[in-house]
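Here the chain labels run A, B, C and D in written order, and each chain numbers its own residues starting at 1.
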Amino acid sequence: MTNLLWPGDDRADNLMTDAALLEAMVAMEHAWLHAIVAAGIAPPEAACQLTGVLTAGDIAAVGSAAEHTGNPVVALISELGRRVPAVPAQWLHRGLTSQDTLDTALAITVRDVASRLRQQLAGHVSALTAVIAAHRSTAMTARTLTQHAVPTTFGVKAATWLHAVLDAADPLPALDLPAQIGGAAGTMAAAAELARLRGVPGDPATVATDLAAATADALGLAAAPPWHTNRAPITRAGDALVACTDAWGRIAADVLTLSRPEIGELSENPDSGRGGSSTMPHKHNPVLSVLIRRAAITAPPLAGTLHTAAALNNDERADGAWHAEWETLRVLARRTVIAGSHCTDLLAGLRIDVDRMRANLGTDTNAEQQAIADLVEAKPSAHYYGAAEPIIGAALKRAHSFTAGLQ
Amino acid sequence: MTNLLWPGDDRADNLMTDAALLEAMVAMEHAWLHAIVAAGIAPPEAACQLTGVLTAGDIAAVGSAAEHTGNPVVALISELGRRVPAVPAQWLHRGLTSQDTLDTALAITVRDVASRLRQQLAGHVSALTAVIAAHRSTAMTARTLTQHAVPTTFGVKAATWLHAVLDAADPLPALDLPAQIGGAAGTMAAAAELARLRGVPGDPATVATDLAAATADALGLAAAPPWHTNRAPITRAGDALVACTDAWGRIAADVLTLSRPEIGELSENPDSGRGGSSTMPHKHNPVLSVLIRRAAITAPPLAGTLHTAAALNNDERADGAWHAEWETLRVLARRTVIAGSHCTDLLAGLRIDVDRMRANLGTDTNAEQQAIADLVEAKPSAHYYGAAEPIIGAALKRAHSFTAGLQ
Amino acid sequence: MTNLLWPGDDRADNLMTDAALLEAMVAMEHAWLHAIVAAGIAPPEAACQLTGVLTAGDIAAVGSAAEHTGNPVVALISELGRRVPAVPAQWLHRGLTSQDTLDTALAITVRDVASRLRQQLAGHVSALTAVIAAHRSTAMTARTLTQHAVPTTFGVKAATWLHAVLDAADPLPALDLPAQIGGAAGTMAAAAELARLRGVPGDPATVATDLAAATADALGLAAAPPWHTNRAPITRAGDALVACTDAWGRIAADVLTLSRPEIGELSENPDSGRGGSSTMPHKHNPVLSVLIRRAAITAPPLAGTLHTAAALNNDERADGAWHAEWETLRVLARRTVIAGSHCTDLLAGLRIDVDRMRANLGTDTNAEQQAIADLVEAKPSAHYYGAAEPIIGAALKRAHSFTAGLQ
Amino acid sequence: MTNLLWPGDDRADNLMTDAALLEAMVAMEHAWLHAIVAAGIAPPEAACQLTGVLTAGDIAAVGSAAEHTGNPVVALISELGRRVPAVPAQWLHRGLTSQDTLDTALAITVRDVASRLRQQLAGHVSALTAVIAAHRSTAMTARTLTQHAVPTTFGVKAATWLHAVLDAADPLPALDLPAQIGGAAGTMAAAAELARLRGVPGDPATVATDLAAATADALGLAAAPPWHTNRAPITRAGDALVACTDAWGRIAADVLTLSRPEIGELSENPDSGRGGSSTMPHKHNPVLSVLIRRAAITAPPLAGTLHTAAALNNDERADGAWHAEWETLRVLARRTVIAGSHCTDLLAGLRIDVDRMRANLGTDTNAEQQAIADLVEAKPSAHYYGAAEPIIGAALKRAHSFTAGLQ
């Protein structure tokens, strides 16, 4: 995947692409079909390998037909049915509804996004830990409301970035969406009815519930009560994604300012070959930060859209609010992964100009410090970094504990 | 183009696709190259047919390389340069900057969107005019805050829809974006410098400005001062697009409510083959309205993103805010066209159940009317449709004038 | 009005306050009452001065009771009715619905916002014209993607700001909202019925329509067909407001960057007494720009909310979407006026450091210029400002034409 | 507090009002002053009761002066200083920065919001549990995409609502914001410097950190490293608030549809005196649901604004992004509480029309069920509610566990 208008798109490679979603929808149908066979609802000859029956070549046809029913599942079932023997075809999707397949396919594909983000954030934590170790005492000026404030260290600034990254990692479990299986209207009626009519032992309601759990399990997802019109899992996933772009956007904002030539304290890797201009051979643009900031600007309204859709859910399947989620979530997820990858490169290649930091800090009297000294009629200390060490220490400790949790 | 998660995507066919943008960027480079040859800046042998030099097969390479500079233009120039003779290659893009090419390519591709929307809206006006003619006096209940209010006619309701559509048509001129040409920093310095160094007669500044105008003209776009960091053209385009989805969303909201089986006053075309369910053979879902509503829910935050980006513009090229616009505008534009096409089908196939309207209106005493009658100690009129006729008349007159303006 | 969490709130003084809205709602009821008396619908003794009957002291009671019906109009009518003689009380609001009164009151109060914004923008145009005159040739570096690009002049930059301000002025007419009068369900049924029952000469529908026009006229508003569920007037007003904050935010973004001490090309008025810090006596923060940027960040999602509400309109009065507009519009309008006032002060006190601009521009070889010179085997010009003069000229011409239009 | 344009505003009474914030800011200054006295940094005579020194009568002056520095804290300190003896005045705020006071005051006032929301959600859980108990087997039709799907029970629908409410309760801990104390630039330099200059025993950095912890503790807040430019605490709070309006909006959406007269399955309490119309005496509007829906429409973009602001944070205090948060958070928080209160009333008075549910369900053949029966050549069951019982059971179990957790 490339996208002329979203440079870097290929960094999200096959995550949540149409191909990945097609595969996930088929995986969902496969898991369910085998679950109903295993439960004795469908006959043994209904068991059939669905994996690979549809391929990327089928996407256009399914995508085009999706419009007739408003979602791609009906067309997918119909295509699958045409390519498998009669008995499996007859039993395909029985007991499910389109939303089960689509929601669960989203869950499957978002899992890969979560996994990628986990790796990225772990890498950022590690990179920042190293930066802090190297620049724990690198003096620089702190800036507030754009103006010089008091001295700080680059270690403290990087500790702030580290907290931002760790804050982004906290809600990642929200990306582990459970399977969503409820049948036509969230009651599992068809599954239970089939269990009863086919004489499956046990309470049909329990059989139906167990089927959902077995399917989720086969797909490696958590089971949950139907959340067809309770979209908190989706909004939480969106919130978790935007938490990532918030954190990286915050870092990029600093890099963009501090790499201005008049400031010159930071710069993106000059050896990367990135950041050239179409007409100005001398330029070295902080292009990774620019692209991260782009993502950070566009992400919050996408996460907001998921909330709006959640709030407008109605009945037993929403009349548009559900449909508004899918592509919104995909776009948000892919852009987040892309921004994360950009941040990885940014941190790996970040140049820190200790001399410029020192020069910008200057030898100006620190008026706050002077005021304090005057107040207590004492001479200002040589050192005005306050609790920089314990602040850095707390950030590193949190990072250590995060990293230990990954093992 | 199809999109499993945005059913109906193929209705926007090639509008603003990567292929369309590639072609538009090449058209821009072609127009400029020929303009500088015509002006005597570049030598005659620099003139070279660029159209068709790059094709859809080049998109992936350009898209992938785009990341290095943060936009696809540098890679595009480089690819073009490799495929044309040395002299044109040397003169390609001279005097332009990436933003000129990309912004102007957006303008070129948005023009096709505008043209499509004009056709759609004209069709909606025509369809609604016909509906009003047929149902001018079809009595139904008006509903406010979900409850029955007083009688109205379907003609009046459709007049409301007609106004909504006409309101959406008003700002369409905002989609006629001017060319954006300013050179490296919005001063046309390189073009003027070349004019001077090459001894082109006249004031180099005027020559440069004329070049921009000539290029715009060759592309069929309006000329304008550089708007590289004044993004009102983009926000206005976004506002115009969301005005369309607002209007269609408003219509879809009525259809969704009134096609509920308990109400049954409207329904989508039952013969379309649309609206089936994966498991419930009896269902006829109002799928066009659902898909329109989906677009209407997602559009406002996209238009809002364009405003946020505009407000964050800085310097002589924004450090991320510009980049946030491109894909946002494209997605918004394509979804708008898709929704417009859905609305065309919706209006064309809309079934109006006059009997259900009459039945739902019922014979209940109209308490407002009764209160008025009591106040003036008179007997209520048989008819309580007030100014329905002049209201409809005003809408039709506006429609007529709109349609006349199209000729 | 002050607001601890929105410093500067008093700059919007009484615009769209509850007191202003109460007065506007009463003005609407007054105009209508007198219109129905004039038309012979209500008896002459129903004519009654409503202006001043309710005062700011009544706001709390009306505001509290508003919840029972979901809007403040019913409580307002009830309070008014209690304080006027029996006949006017009986005729109050007859033929109207709550939405007529509230929407029209919004129109009345937004008019004052529009008037304030017109003054502000005219002032900005004038201030920028003067800045441009003074700094037409003040050389500085242009910056793209945060890095030095090629030389420009502060005149050109200020011309960009001027275009932004003029772009914001263009859509101001959208703030001249028409009256919204349609009766209970947008058909003017009650007004027409009263006209008929009271034997008012002429077609009752025409009488009703004329009443709406007369009321609008008495209030100094344009008349329009009922737009109770067609909310384009509201979304256009919102878009016009955010266009202002976009423009000012764009200016503030430049001031914030260029007043960084390492750059030092611009600064906010140091003699204003503004920009101090609670602990750092040496600081001079660009607080006006900070507050403008704040407004620019929060405005786009508010304008977006108005679109979402418009798209969700349904029936003959929306079940929540209408209610979502009111406070959203007020907050957006007041914040816009506040930001405009901040921008007035910002431009009035802006310090331009010509020496720092010159120093930052430096004597570096301009690589773009060199590349061009090499290409044509010539020596670079001393001057590399391209079409700065015509670009400035075009901006000033547009400003002149805008100013002339105000006379 | 009332608000003509946000009916119901008084339900949030004093939560996060200017008066509450003033008090909270004073409480923060008080706690810090006493902490520095206790630590031996300030002399014992600096200890001074600040509580009550400023009152609601001071809000206007502080609010008006807030603009000079961009936040209300400088003016607050100045007012406080004028009213306390010289020594406390000298030591007021020493070691803090404005942001510490404002952020921590937000934390204090949001705590009251959290407490209110906890009560509301507990009440909703309890109300829904009772509804489910009463209507566990009340048959009704499930609706998908507006059309009748298959049978369900009102117990299952209410279980869906119950899950929504429990999903909203999950993230409430995010509203327990920690104190935010970092001094001028997040390093606690002034506090440490004072500790050193005053000869306080121990490492000055540790003393400073302990001071922050002691202050947080005195205020009943959690301590945390400075989060002055890491705004995840704010965005998480916003996400938690919008999660509430999402849940209630989802419930309101159902009530609005199901209380349409043609459906008539639900209605808001007809004895509440709510829901009247200004002109239509017969109307009973579902006004609580309307007002909840209003809140649900406006909340997501506010939460989104908090994310945008977070992503734009830069330096050691953001130049506008911080300022954009305050009022956004307050408005979002108050509206959430108001909507929660509306939902409490809605659930308490909800009328469930079992007969209409039964009638709407009808005796139509359930085509899904028939298809299944045909497939397995059996006769359809009389009962088609599938796993309704275990689904309800799971929701009740979750509610029980939630309620137990509150004890």
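Worth a mention:
Throughout what follows, a residue touches a chain if its C-beta (ideal position, glycine included) is under 8 Å from a C-beta of that chain, and two chains touch if they have at least 3 such contacts.
What you are looking at is a predicted structure, and each value in this text was computed from that prediction instead of being measured.
Think of it this way: of A-B, A-C or A-D, only one pair shares over half of the B-C contact pairs by residue number, and it is A-D. Here A-D and C-D were compared by C-beta pairs in contact; the pair with more is A-D. Averaged C-alpha coordinates put the centre of chain B at 37 Å from the centre of chain D. In this assembly, the C-alpha centroid of chain A lies 25 Å from the C-alpha centroid of chain D.
Taking each chain's centre as the average of its CA atoms, chain C and chain D sit 30 Å apart. For chain B, residues touching at least two other chains, in rising order: 70, 94, 97, 143-146, 149-150, 183-184, 190, 256-257, 275, 277, 279-280, 285-287, 290, 293, 296-297, 301, 304-305, 308, 312, 319, 368. For chain C in complex with chain B, the residues that touch the partner chain are 70, 90-91, 94, 97, 142-146, 149-152, 156-157, 159-160, 163-164, 167-168, 170-171, 183-194, 196-198, 204-206, 208-209, 225-227, 229-232, 235-236, 239, 242-243, 245-247, 249-250, 253-254, 257, 293, 296-297, 299-301, 303-305, 307-308, 310-317, 319, 368-369, 372-373, 375-376, 378, 380-381, 384-391, 394-395. The touching residues of chain D, when paired with chain B in their complex, are 143-150, 256-257, 259-263, 277, 279-287, 290, 301, 304, 308, 312, 360, 364-368, 371.
Across the complex, chain A meets chain B through its residues 2-11, 18, 21-22, 59-60, 62-64, 66-74, 77, 93-94, 96-98, 101, 183-184, 190, 252, 256, 273-280, 285-287, 289-294, 296-298, 301-302, 304-305, 308-309, 312, 319-321, 323-324, 326-328, 330-331.
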